[in-house]
Amino acid sequence: MRFIFKTSYDQDIRLARHGGHVFWYGLLVAFLIVAPWVIDEYWLAQLTFVLIYGIVGLGLMLLAGFTGQFSIGHAAFLGAGAYTQGVLTNLGVPFPIALIAAAALSAAVGVVVALPALRVKGIYLGIATLSFGFIVEEVFARWDSVTGGNSGLHVKSPQLFGWSLGSGNGFYFLCLVVAVLSTLGILNLLRSPTGRAFVAIRDSEISAQSMGIHLARYKTMSFAISAALAGLGGALYAHKLSFISPDQFNILQSIDLLLMVVIGGLGSVHGAFLGAIFLIAMPQLISMGKDWLPPVIGQAPGLQGLVYGLVLIAFVLFEPLGLYGRWLKIRTWLQLFPFYRKGLFKRQKSFTKSDRLR
Amino acid sequence: MSSSDILLSAKDLSVRFGGVLAVNKVSFDVRRGEVFTLIGPNGAGKTTVFNLISRIYTPTMGEITWHGEAAGPLALTHQAPHAIAALGIARTFQNIELFEHATVLHNLLIGRHTHRQTGFWSEVFFTPATRRAEIAAREKAERVIELLDLQHHRDSMVAGLPYGVRKVVELARALCTEPKLLLLDEPSSGLNVEETADMAFWIQDIQQELGVSVLMVEHDMSLVSKVSDRVLAMNMGEVLATGTPREVQADARVIEAYLGTVDDVSSLRRVAP
Amino acid sequence: MQILQLLLSGIAQGCIYGLIALGFVLIYKATETVSFAQGDLMMLGAFGAFAGMSLFGLPFWLAAILAVVAMAAFGVLLELVVIRPILGQPQFSIVMLTIGIAYVARGLITMVPGIGTDTHTLAVPYKDQIWKLGGLVVNLEQLAIIIATAILCGLLFAMFRYSKLGIAMQASSQNQLAAYYMGIPVKRLNGLVWGLAAAVAAIAGMLLAPITFVHANMGFIGLKAFPAAVVGGFGSLPGAIVGGLVIGIVESFAGFYLPDGFKDTAPYIVVLLMLMIKPNGLFGEKLRKKV
């Protein structure tokens, strides 16, 4: 069991709270750096996808998990970034500039989406973002001249200072760097006044206001940052797939993103990446497991949807804190062994109480 | 008593919700450094007055003027709700509006928001200036924790804390904004005798050591008598009487509307020193 | 004449949206949770009727009634097994749960060998019949939708107005613990409401089947019902129908008069306008916490 003896406020502010953190995260970073030479190409590609979805998940986690604004149309931002990157790269714009433009444009779309969001809450906000998602998807499909419409858009591979990053190792490192920087940025925000303001808005808007937090400004900021990260992820996504089309950014993709943050663990940065791992690993696990199932189940086209649905239901019912929550429980069990009690993480039984006023 | 003594003044304040006149031509002044209490039966409009000052509601008539700014008197009715804290007015809520999924320390640090000195980009990169600002905020929060004895709850999630502690955290969070005027909505409701006595001491400390003026809504008449400098009694949205605690408690209309008969009140009356 | 034609098809389509939205609003009024599974419950209802007719060889009306009853039972079962344990959790978790239910429903249907992946026709008695009223071409399928919706609304209205159910539902949604204390059988009530919502969805599915045919992705129409519920105001039953009609009519006219692509996005544009002008919908509630 670990006892942390605190002697300075800095220990509470630091990102790595104690030696154990430094050790394990150091190990993780070391593994990620040598990955291209340790694991084979196929799995490296999957890892790259995990990083890309992790970046998007970070954004959605910030918006939904930390600011409490649930966006059911998040794929719109992913698409905005992907298409901006695709169009600009095909026009010959240098890669770093295109990347920044993709993030900036997505952030601008985020600000536009935030406008109705400022006035509504809860399910109305969800429907507003859902609506935006549909409208943006339709724009991708109809604006043939720019986006290539329903026949899709081929995206040239990224060039950085003359190196072709293409797919493979170079691109993997690019994604790794972007993912690490985004994570550090978000972690920094969360331990500063801005991050705390987001959490305040999630927990009680009225008292956040009475503490001097400008609701509109911070909600817009949260949407903008979240959209920028999604746009960044989208840009990398476009290069990775080298071909994008509007139906990759539809409602199903938006729900996948939500699935990712919910199963990962709402309200934690770890949750974004754990959720991304889940999202990429699940189809692999299903196809590996198919061989063991009787053909009538294994070969059925609906199997993936069924498994996703069951896993989602299982998590909401039994593990609302998500994968990260489960990890916390396991870690506590290991730390407190053999004194762990089931009641440590017990959820309070609660009853629905309405916030509505007729 | 010169006008520079007045910190907050309300004049003919009225607010109507549909057909209901919740507050009707209420006028009062809060002087610098005093503890001013609103008493009255439930539904009298006391919390509504608070909500008008915090700009949760907008008055249909009348005005609230803030004299706490060096630049001159400021009409609060034109301010946005989030600007009130920056002026130096903090409040607690009757039914506790804490940030449930954050620790006590986090709640207090959120209270420091109006004193934030860092911009967005310096926070993203967590510059040394941001680090210094964080430590400074933490130090201020720690002083409040020390004043209110919240040390062993510092890292507890608010959602799991008992009611009495949450009331104190509400107070602590309001104090972290370094207010000039503190609005306390029923600070002793739900507290036992010992906790109420602590609350009385804290209110006196806040007034005398921190120099903060207090506007309070309260039902516990012994607490009211102990800490208040002046009292205003309300009923059905209107003012019944204003004056020292003793004067108001002796007022016949107040007794009839709220306190009970003369016989009942004598047991509540503060014993003269 | 063209306008009347468009109006008619808009109203018919709008009734479908309205019925699905009615299901949402019923569940929302009783438990303040939003169910994203209504569209897929509708799809299951349509498949149920189809199965009744093609697998068991039942006549249409019998298959229809059995499908409705079966779906109602399924709704009650769903509530019992899946929804009840998580009541009291944040709204968002419950929404994700219903999304999970929708996935499971779609997945299970697609896995049924042979039937799941194909598109089927439901042999309704009024299929492909057309009346000509003056210059107006009235498709009997559309007429059936409108009449059935009107009857259903009348029944529901009577039930809520003249029984204690409506009040009990509102009480339990506003403060569940207090409703328990008042002797309201909250759990049974929730089960009843889900059963009712599922039954309404099943009826909508059978009405829609002649127009869109029975297939596993029918449920996506349910997504258009959300704008309907928002336009009407989420807490209002008549609002759901009115909202549905508005969306249906807008869609119908947009499809004809506006360029390609606006037909599908028109409902969503309407929603956004509504949220900016009247955030709580036409008949909606005030969402404000009293401090």
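Chains here go by letter, A, B and C, matching the order in which they are written, and residues are numbered from 1 within each.
Here, contacts are C-beta pairs under 8 Å (C-beta built on N, C-alpha and C of every residue); 3 or more make two chains touch, one makes a residue touch a chain.
Just so it is clear, the structure is predicted and the values come from calculations on it, not from any experiment.
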### Task
Compute per-chain Cα centres, compare each with the mean of all protein Cα atoms, and return the closest chain.
A
### Query
Which chain's mean C-alpha position is the greatest distance from chain A's?
B
### Message
By raw count of C-beta pairs in contact, what's the busiest chain pair here?
### Response
A-C
#### Entry: Centre distance in Å when chain A and chain C are each reduced to the mean of their C-alpha atoms
32
### Query
Roughly how far is chain A from chain B, going centre to centre by Cα mean, in whole Å?
41
### Query
Taking each chain's centre as its mean C-alpha position, how far apart are chain B and chain C in Å?
48
### Task
Identify all positions of chain A at which a residue touches two or more other chains, and write them in rising order.
206
### Task
Would you pick out the residues of chain C that each touch at least 2 other chains?
291
### Message
At least two partner chains per residue is the criterion; list those residues in chain B.
### Response
56, 93, 97
### Query
What part of chain A is in contact with chain B in the complex they form?
9-10, 12-13, 185, 188-189, 191-197, 199-200, 202-204, 206-215, 221, 267, 348
### Task
Using the touch definition up top, name the residues of chain A that touch chain C in the complex.
64, 70, 115-116, 119-124, 126-128, 130-132, 134-135, 138, 141-142, 206, 251, 255, 258-259, 262, 266, 296-297, 300-313, 316-317, 320, 349-358
### Query
In their shared complex, at which residues does chain B touch chain A?
54, 56, 80-86, 90-91, 93, 97-102, 105-106, 109-114, 116, 118, 120, 123-126, 130-131, 134-135, 137-139, 159, 173, 177
### Task
Using the touch rule from the top, collect the residues of chain C that touch chain A in their complex.
28, 31-34, 82, 85-89, 91-97, 99-111, 113, 116-117, 173-177, 180, 216, 223, 226-227, 229-230, 234-235, 260-261, 264-265, 267-269, 271-272, 275-276, 279-280, 285-291
